[in-house]
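In structure tokens below, several structures.
In what comes next, chain A is part of two complexes: it sits with chain B in the first one and with chain C in the second one.
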Partner chain A sequence: MNIIATVKQVPDPEAPAGAFRIGPDDRVMVSPTVSSVLSPYDESAVEAALQLRDAHGGKVSLVCLGTEPDDSFLHEAMATGADEAYLVVDDMFQNGDAFATAYALSKAIAKIGEYDLIVCGRQASDTDAGVVGSVIAESLGLPSATVIRKIEVVGDKLNAERVIEDGIEVLELPLPALLTMTSELYTLRYASVMDIMSASEKPVTIWSASDIGADAVELDDLANRSILRKQFIPVSQTQCEVIGGDSAQEAAANLAQALRSRKVI
Partner chain B sequence: MTPTREIYWNISWGLAVYPIAIISIAIMALGIYARVNRWRAGRPSEKPSEISLRIWRTLVNALGQARILREGYAGVMHLLIFWGFVVLFIGTLLVMVHEDFHIRVLQGNFYLGYKLALNIFGLGAIVGILMAAFRRYVIKARRLDSDRAFAIAIAFIFVILVTGFLVEGFRIAATELTQHPDWAPWSLGGYGVALIVRGIGEPTLLTLHAATWWFHMITAFTFIAFCIGWSTQSHILLAPVNVFLMRLRPKGALKTIADFKDKGALGMGSVRDAVWKDLVDSDVCVRCGRCHERCPAASTGKPLSPRTIVQKIKNQLHMETVGLPWHSGGNGARPQPNPIVGQNISDDEIWSCTTCGACHYECPIFVEPMTKIVELRRHEVMVRGKMPETAQVAMVSLQKRGHPWTGTPHMRTEWANDLNLNQLSKAGPSEGRSNLLFWVGCSGALVDRNMLVSQAMARILQRAGVEFYVLGNEETCCGDPARRVGNEYLFQSLAKKNIKILQHYQVKTILTTCPHCFNTFKNEYPDLGGVFEVVHHTQFIASLLAQGKLKLDPPSIQSLTFHDPCYLGRHNDVYEPPRSVAQAAGGSDIREMVRSRERSFCCGGGGGRAWMEETIGTRINQMRTREALSTGASIVGTACPFCLQMFEDGIKGIDAGERIRVLDLAELVGQALQTTEATPRQVTEVPLG
Partner chain C sequence: MSDNSGIMILAEAPNGKITGLTTELLGAGRRIADIAGEKVSALAVGAGLSGVEAELIAFGANTVYTVDDPSLGRYTGDAYLSVLEKVCQQLTPRILLIGHNSTGRDLAPRLAFRLRTGLAPDCVDLQIDNSTGALVAIKPAYGGNVMAMLASKSQPEVVTVRPKTQEPLERDAGRSGDVVKLDLGLGTLASRAKVLDRIMHTYTGIKLEDAEVVVSGGRGIGGPEGFKLLEELARSLNGAVGASRAAVDAGWVPSDMQVGITGKIVSPRLYIAVGISGSVQHMAGCSRAKTIVAINKDSEAPIFERAHLGVVGDYKNVLPQFHETCRELLVG
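Take a look at the complex of A and B:
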């Protein structure tokens, strides 16, 4: 089965808070010491895709909307086993919102054409919007489900475990479909050196807006209706209070009491 | 009359010894040939260089038994047997020279001296072999792992030695005792036997002599053919070979992989992936158990034993290679190699290793279990992409962030916020100015407890007026965790990046508080083109003290014990500088732990273990903390970020915070600086317990 995974490069979410600054225009985040990484939920989507391919055959294609025609990130991302990658780069999509991203990705996916399943991360770890996957499904007219922790393909259908507040829903969807993935059960595999070496030879196709048939008027109609006015880093204050006691038990009891009185527990 | 004796006295057909010898040696040689053939299943390794050094070390360790003699009982036992063998063998050769080459050496005073020497060494060997039997079967020394081969070898050697004395005794009783009574006592043992058997009448003596002679000869040649050729006693021949072939690279350096496209070079997946030196190493192991006894993993109930690793590789070598051409199962096919890890050796075994190097230090014949474990890890990580989950998190972090401490809330420069340090990115490449770099290391920059050490070290340097620089955000991991976990590829990519930066800034000397960084820069970067002068902070502080550049308060009276970090001590032989620093700052009451210096016991944090869970057996750090406690010292000093973390956890784990605390020596010196002159800032207090 052919599976498409959408991937996004984000500033390392594990980077210390102090490494992030907001630029002078209050809009752009400046973080020169923070490395760019694959968004963690996208890692789970890729792993899910790889496991399905390993079990059922076919191929895994990565699709990414980028800001620069630099394909090295995709070569790295393919080291874990994806077969090919597509990178969409065009000024038309710069600083676009989630709808713009979904528009670009769905155009690219439509151009790729043959697919049985699309997997996305449930949300990107930088913007945390969680919109793109569902909008792609809408524009491609696909059945979709969000926040999926596990996928099982049976014939031309799939069973998906969806995480809900108090438990799990098991959904059945016809193929092709789109799912957005959580990270509970799929941890991206570790790339072997041979995979890393061969990944540099795997194909990355770079597409511009016109390559995928994107249209500026259509884009304007669909997307970029929200405007980023300001970003800021909240000021947090830390106050340290030592809660003691004559014995470890007493200290623990005092701590529990203190937390309870502040309504933390 | 000149003292001598008649060779082949009372023996007819004595020359039969030669055909028997030829058959025996041929059987032995076939056995050795089969072993060598198996080794050839491995990949080629470099040709040995520095031949004269190798010969010297072989002499010291074979004839001199240098490493064997590190132990009392086992050392003396082996020395007696070994030298007994050597002298008796030479003695037997002299008989051949005398009788069959017609060079009459065995006469006059030389003959008497010869008798004496052979008897002294022969009796010594009997004492040695009895000690061996006593140790193996009465004391049952814990580390020994006995099977029938050892019993057979001990029995053979004992019988050969005893029958040798009987033959001599019967002959002396029948000849010298009456004909030349003044020669006889030179044969101490044989003379003793002669005095006992003198009364049994000449005809019986002659019969007994001839029978024992033949028995002795046949037993000796059987031993040579089968025990030396085909069993554990082959170490008599092969151990010196392994010593000669020892790896001469620095102790702390692992092998550099040159070609990542060559799948077989990416660690040891099967015995065919091993370089033949690793196969020789495994094949010559005699299972003495010294490594097993000193291994921190084996000592704390983990499934890993360095000896078992080596023996399992050996077993697999014997299962999966062909020694003699006609053993190939008739169709000439060689058995298929199976994976080593997963079937023969478990994951828990290879991941329990701290790479402390105790096994390498202990092995009398220079077998290297630790490098084999790393080779096995390399295959797991680089070919199969498999490792413990927490180690994988650290590796991914190294890849993404250049440090293994996922989730650290700190940036690399935060620890020095108030210290006003010079950053190389601002100073640019050294042009005439100081090119001393203080390499802070990932722990020193990103882990709260270790940041205190970096701060103390920076203050020491400032107080001593040393001009130094830091890399700040341009620093990344030196690569040690990646290399020891088995990801050589990641190690090399980190190392090459660092070398480029260091060369760009024309750094000449790297000063580091981390023995792992120290070892990696000093011993492993040169292979990749990065040659720097590398100093550990204990060495640097010791030299500042020696030059009088640091004035410390008179040490307050506190007893201190110093824990030698493996990568400072055992891997790099730095033992004195930390002790002199400890004494200058901590006072004269330095108490050594039972296991210190070369035999220091690992804290448990090396080899990537700092990022893995320790769920099996006793915690290594707790065992070591108890050792520190038993010295009665109130402070355990160390000089490694991992040791520091491990002791902090160990002290908490056994609830010993009120009795002992752990400090890096830089912190100790930092505290002694305090009152010498008013310092502008408050010295950070080290939390108790």
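Take a look at the complex of A and C:
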């Protein structure tokens, strides 16, 4: 079974809040001190893909829309077991919205051609939007489902557990299909030093817009309807009153009294 | 410019009862409609919607459109997408508000793509630009470390709205409005993704999202046993227990207890964060709480920048006495 996982490089979401700043144009987030990582939900998508390949055979291909023709990130990402990777880089897609990203990725996936399943993270941890996966499915005319915690392939169909409010839905989808993955049951496996070394030998294909048959008129029809007016860092106005006492017990009792005097309890 | 007009909200009424999020969307729709000089309509899609119309009007809809079909009882992707696409083409709303829940996450991107329009996902605030009248939707990014202000070049402007961020109107049965049953002529509505089963959690106590008091534990709790203290406190305060992602990822508590940007959004009267460092991603789930209390042994933890009251100390020493004094105050 051939599985495609879309992957994105993001600023480390675990970085301290103070590391995130907005540039002088009020638009672009700058975070010079924050390192780049594979978006955490994409890790779950990759792990799900690897488990399905290990169980059913076939291969796992990573697809990424990048800003530079630098394939080192994809070599690192393949260390956990993916077989090959594709990197799309073109000025046409720079500063595009989620629909532009989905257009680029769907064109690349169509060019790869042979696939049974596409998995994406439920949302990237930089934009937290959760748009790209579903729009790839629409572009390719595939059935899709979002926020999936578990996949089982049964013949030419798959069963997927979708997280909903207060429970889960068990869905059945025909293949090929696209699923966006959540993290609870798929934690990405570790790569050994040997894995990391051998990943540098795995193939990365770099494609431009013309390589994947993308064109500016079609992109304009399908994407970039949103305008990012500005970005800003939210300011917390909360003043914390730290309750003290001669001992932890006294501080605890004082805290309860403080809540009572504020009529909270 | 297009001729689209009006603000439409997608109402959800599983089992014939409108959800809290639906009333929040109506509240938001009403507020921006009054500034922009627009009307608010509610689109109810489901099975057995009689009675739902009056409730939607009582919570602020000028017009209620219903698409009542036995196959639409619960959300399925392709069927709902066909309905929404057709409705937007026929009724041409200027703004479409959808809740950012499991339905909205699945539906809105596909709908916006089909309508060739933009999407502002997971928004926490909606404003109307004074000079141009344009809608500006505010959406957290980078886990809430950054806020983005989004406008749209095309209509309908599709926005998904984060739960518990918008104030509903007071229910007023005296409000009047129109009800229009839509017959879209869509024929049999089927989805390629078929629902085989729904497994719902059973709750013995108070539901986390509805609780007036939430006691949450994080990495600092150190293991599943520590959550017993939190449960006892929650019981005395008539509340529910939540957790940070760190505690869920450690396997100490189930994932449906997670509070945060990808977990539950809560807005209780009192939120007690125990052993939680206070990441932006976690605070996104509880920042609407009226009073936030932090108990943490690390005085440098970011939670103390977001809490109203705090005690610096090990929860094992603080919580038992806090619980005891609370009990005395509640009895007294």
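Operating definition for what follows: the second predicted complex is superposed on the first by the 239 of 265 C-alpha atoms of A that agree within 3 Å, B and C clash if a C-alpha of one lies under 4 Å from a C-alpha of the other, contacts with A are read in each partner's own complex, and residues count from 1 in each chain.
Convention: a residue touches a chain if its C-beta (ideal position, glycine included) is under 8 Å from a C-beta of that chain, and two chains touch if they have at least 3 such contacts.
For clarity, every value in this text was computed on a predicted model and none was experimentally measured.
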item	value
Which superposed partner A:A110 touches (first chain B, second chain C, both, neither)	neither
Which superposed partner A:D195 touches (first chain B, second chain C, both, neither)	first
Touched partner set for A:F99, first chain B, second chain C, both or neither	second
First (chain B), second (chain C), both or neither touched by A:I206	neither
Touching partner for A:R225 - first (chain B), second (chain C), both, neither	second
Touched partner set for A:A17, first chain B, second chain C, both or neither	both
Winner by number of chain A residues touched, once chain B and chain C are compared	C
First, second, both or neither for A:T33, with chain B first and chain C second	first
Residues of chain A that lie at the interface with chain B and also at the interface with chain C	14, 16-17
Residues of chain A touching chain B in the complex	12, 14-19, 33, 35, 37, 187, 189-197
Complex contacts: residues of chain C adjacent to chain A	77-78, 101-102, 105-106, 109-110, 112-114, 116-122, 136, 139-154, 191-201, 207, 237, 248, 255-256, 261-262, 269-270, 279-281, 290-295, 299, 302, 304-314, 317-322, 324-326, 329-330
Of chain A, residues touching chain C in the complex	11, 13-14, 16-17, 20, 22, 29, 97-99, 102, 122-123, 125-131, 133-135, 137-139, 143-147, 159-160, 162-174, 177, 182, 184, 221-222, 224-234, 236, 238-243, 248-253, 255-260, 262, 264-265
Residues on chain B engaged by chain A in the complex (per definition of touch)	260-261, 263, 266, 381-387, 389, 392, 395-397, 400-402, 406-412, 414, 473, 489
